[in-house]
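The letters A, B, C and D name the chains in turn, as written, and every chain counts its residues from 1.
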């Protein structure tokens, strides 16, 4: 393994770059500059946090015990998410005939029921617990959800 | 013996970077800049960069296939090392009675015999292959050496 | 045969069950807490559902969430592993009421055997020797003194609802008995909300010997011989081995047959372990039944060649065991060391953290059941075991040599483990001679 | 018994030998190139010496440097592993002249068996069936045609100094023979500096079956039954198993006894493999003897329970084998898959690199012999094998299931491996039926 020559290793390895970027984001690094021989990896990062790649895990890696809004899937565009507080089946409507509880554009407040999560034959009405406008519905009707799974994206009132 | 061996250390080793970042966070460092030969690890974090003494890793980087001077054990103080070109037993003197080939302070040139490395009953005279002044003898008389093991530290003529 | 199984557990045992499912062509579903999102069992499973927060009470112990995951995943059975809800008869019942096979005994059998006092009477009914002691609970102190004199001092006071040594006291003589009784009662009341205690003869220098049994729903009850788990620290097993060293052949036969009688008598199906203590004269006394698969089951698998998890699944599927008693043979000797993320130099303080560099032990005769890998972070929320190192060799001596070799290979930069401590134990003359008892570790190493 | 051994090799086999030394209480000394400073064998050894640069020619093939390291480390024996200098009779001789036991056969036996033509005549002397062919080298074309007609077409032309398929040609009839002869001669001359060729009958749909033999210096020569290595790509073995599927019991007996005759006749000590090809009617023909321990030795260890490396060391120490022929029994079925850092989708192009995240396969019935770990960089300078995945189960069917389970567990983020390719092979009906021959992989998968 002589100096200045790569160890059969690829500077452009996306996986590793993703790891470094993750590291930079987690620890608010502004600069990473790695050189070995002719190889170099130099990454800069402004004051704005970097958005996680789409390939981010489907499940929040560190959602707290009770999954409050704005934790999972935040992309730092000012929006927050309403996350499933339990495992179960997501229902967008009270019954097949009725309208969805909320849709894109719906204004919601903390008490607004946004959906039902059914588990063990119990239909749990899920309140928004936040105030603002629904900008995206992230789960299809009757799709299963698990703890912390983002269900709605909301533009909060500022 | 293993202590003398090159590590083939990898500047891009995510784990080590993670360690350094941890340090930066714990101690609120804004910049770390490590350089050795062609290798460099430079990390920035938040605020204004502050000058920081370069801390070189304890272990030297990998020596190339043939172990020329100045590769192993360089500590960026301008000195270079004469490394063992083979496995064997290091002899500082031609025979027990005689003076050492070289000592601290000895001026040497490319052809100066600096020691003998004995392997398979053959006594190989090792030339300096560099010009300058011996500032440190790194191996004790009749100690075993292996390939790339630094034997002398030399202040080259500039 | 079952088609899809949810594993209501984490760590190495979740990985262990997933492996058995895979080999049987059964789909495996993992559940996990937010702290385990990167855990190996999540990645190896066919499906994985987050059931709550890092604390066990918010995830692995949350019955409704686990059942909800089973419904969403549409599994047909649930394997509880060990610990967490494994011996919770209520969970067992809820699983079955919700339409999921529980891979373990019936709630009734679990409940009966769960109560030490009931279990003891069942043992007596089935002619399984028990430690001489009080019939049922101790009513008052005078009765206690009378019984103690019949049994003979020293006597041990035990909580009927007890476990892990809580509510236990030794009384050397009648004078110290009263005091010890009240202490034990209070401790038991505090720990288990049940102050009921009973008396038994205190066995000096006991060995812990347990028999692996498995029963199917067709009336077959087989034993897979015994394990010796005498290397313990504060009632926590550290090293287990099979067969038990220095147990005479006829005693082995007796203890295994007694265990089978016990399980048959309890009208029990699936895997169970019948625990005994063995005194210096090789007399054995029933202690309790563990109504679950145990941490140390691999040593039995190594010497018998029988996959216990697969047999559990077969039994839960209503199929007969894949073997008959006469097919079960002991081959060689197996030892297991529990590798814990603890610092033996700091009184075994757990030290969770990230394993920056990891070498897994391997090679001929070595099995390492674990969920860790280089870069894995051991979370602080659960028990500290990061793996089970199991070796199998023709002789106990060779097994010890292989274990010491394998222990030396383990590398976990970033956290310290008990590997080095095990190596010390393995070299101790008492262990090498197989003459150690359950107080060996505290006597020779840790003190207390 | 030997006290200190230098392992003149790298990678998994260096680790394998170090493990055996450790269990026997023997000090292990590693040598390494500058490219292997971080390799596991360096870290597991008691001592390690860098013997030169990354290129094999500058380190692992440098006889003087390896001997010098042996002198400095003051060992009493050298284990060559496989590949590199393992079958170099000169190195063997230099070791012994320098006062180090060479853990392998005598240079004489190695040399005799190294020459295919000599080996063939030795086989004939020892009544070991060989493929019908020319007695010795082919002098001129007319002789060739005469011989070919005696043997019967199609005939195979082989280089006496050959290997890896070089200098091989098939002639369907007399007309094509002359042309094929000259081609083979030229190729052999170019490849080995020796144009000598010979003829033999061309066996269609051959299986590769080899017998593991080991002999001590006390006149004991034992076989450990056979291995089937018919899953090959370009003459490189990919999957090996023991016992050989569908080999009739009496043929197993015959082939093993023939192998023992061959080794006894060669006045050979230590481990050897006698290779045969087996035709569709189960007739077997001697091919060659490998005078070393082989990559696939673990499958034999699994079914016999005998540690071949320990036996090699015992034999080299002048001790008798630890077992007698009648003690050797076959238990269950074992399969090995060679896990290579290659990309099957790109014609198995090697792809060295850093393994950022690594899951080692494990669990019941699984053995993984490897030198890699999370964060390890596979150097580009050596062969691409990063580990050997071995499974052991009561039946071949169960072994295949366990292998598929274990292959799926392997994770090597950063490099691609052949694990997925093995999984495809294991599902192929021909392999499942055990009816595959040595052309199976090229015919069904890679199209050569």
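Keep in mind that, in the parts below, a contact is a pair of C-beta atoms (placed from the backbone, for glycine too) under 8 Å apart; a residue touches a chain by one contact, two chains touch by 3 or more.
Just so it is clear, the structure is predicted and the values come from calculations on it, not from any experiment.
Using the contact threshold fixed earlier, the set of chains in contact with both subunit C and subunit D is A, B. Chain pairs B-D and A-D differ in how many C-beta pairs are in contact, and the one with more is B-D.
Most remote chain with respect to subunit B, judged by CA-atom centres, is C. Taking each chain's centre as the mean of its C-alpha atoms, subunit A lies 40 Å from subunit C. Centre to centre, using the average C-alpha position, subunit B and subunit C are separated by 54 Å. Shared interface positions of subunit A, i.e. residues touching 2 or more other chains, are given as 1-2, 7, 9, 16, 19. Across the assembly, subunit D contributes 34-35, 37, 53-54, 354, 356, 375, 377 as residues in contact with two or more other chains. If you draw each protein chain as a dot and join the dots that touch, every dot ends up joined to every other dot. The residues of subunit D lying in touch with subunit A in their complex are 34-35, 37, 53-54, 352-354, 356, 377-380, 413-414. On the side of subunit B, the complex with subunit A involves touching residues 6, 8, 10-12, 14, 17-18, 21, 24-25, 31, 37-46, 61-65, 71. Those residues of subunit B that touch subunit D in the complex are listed here as 1-2, 5-8, 10, 12-15, 62-66, 86-89, 119-120, 144, 146-149.
On the subunit C side of its complex with subunit B, the touching residues are 356-357, 375. Against subunit A, in their complex, subunit C makes its touches with residues 34, 37-38, 48-55, 58-59, 64-65, 67-69, 71-73, 98.
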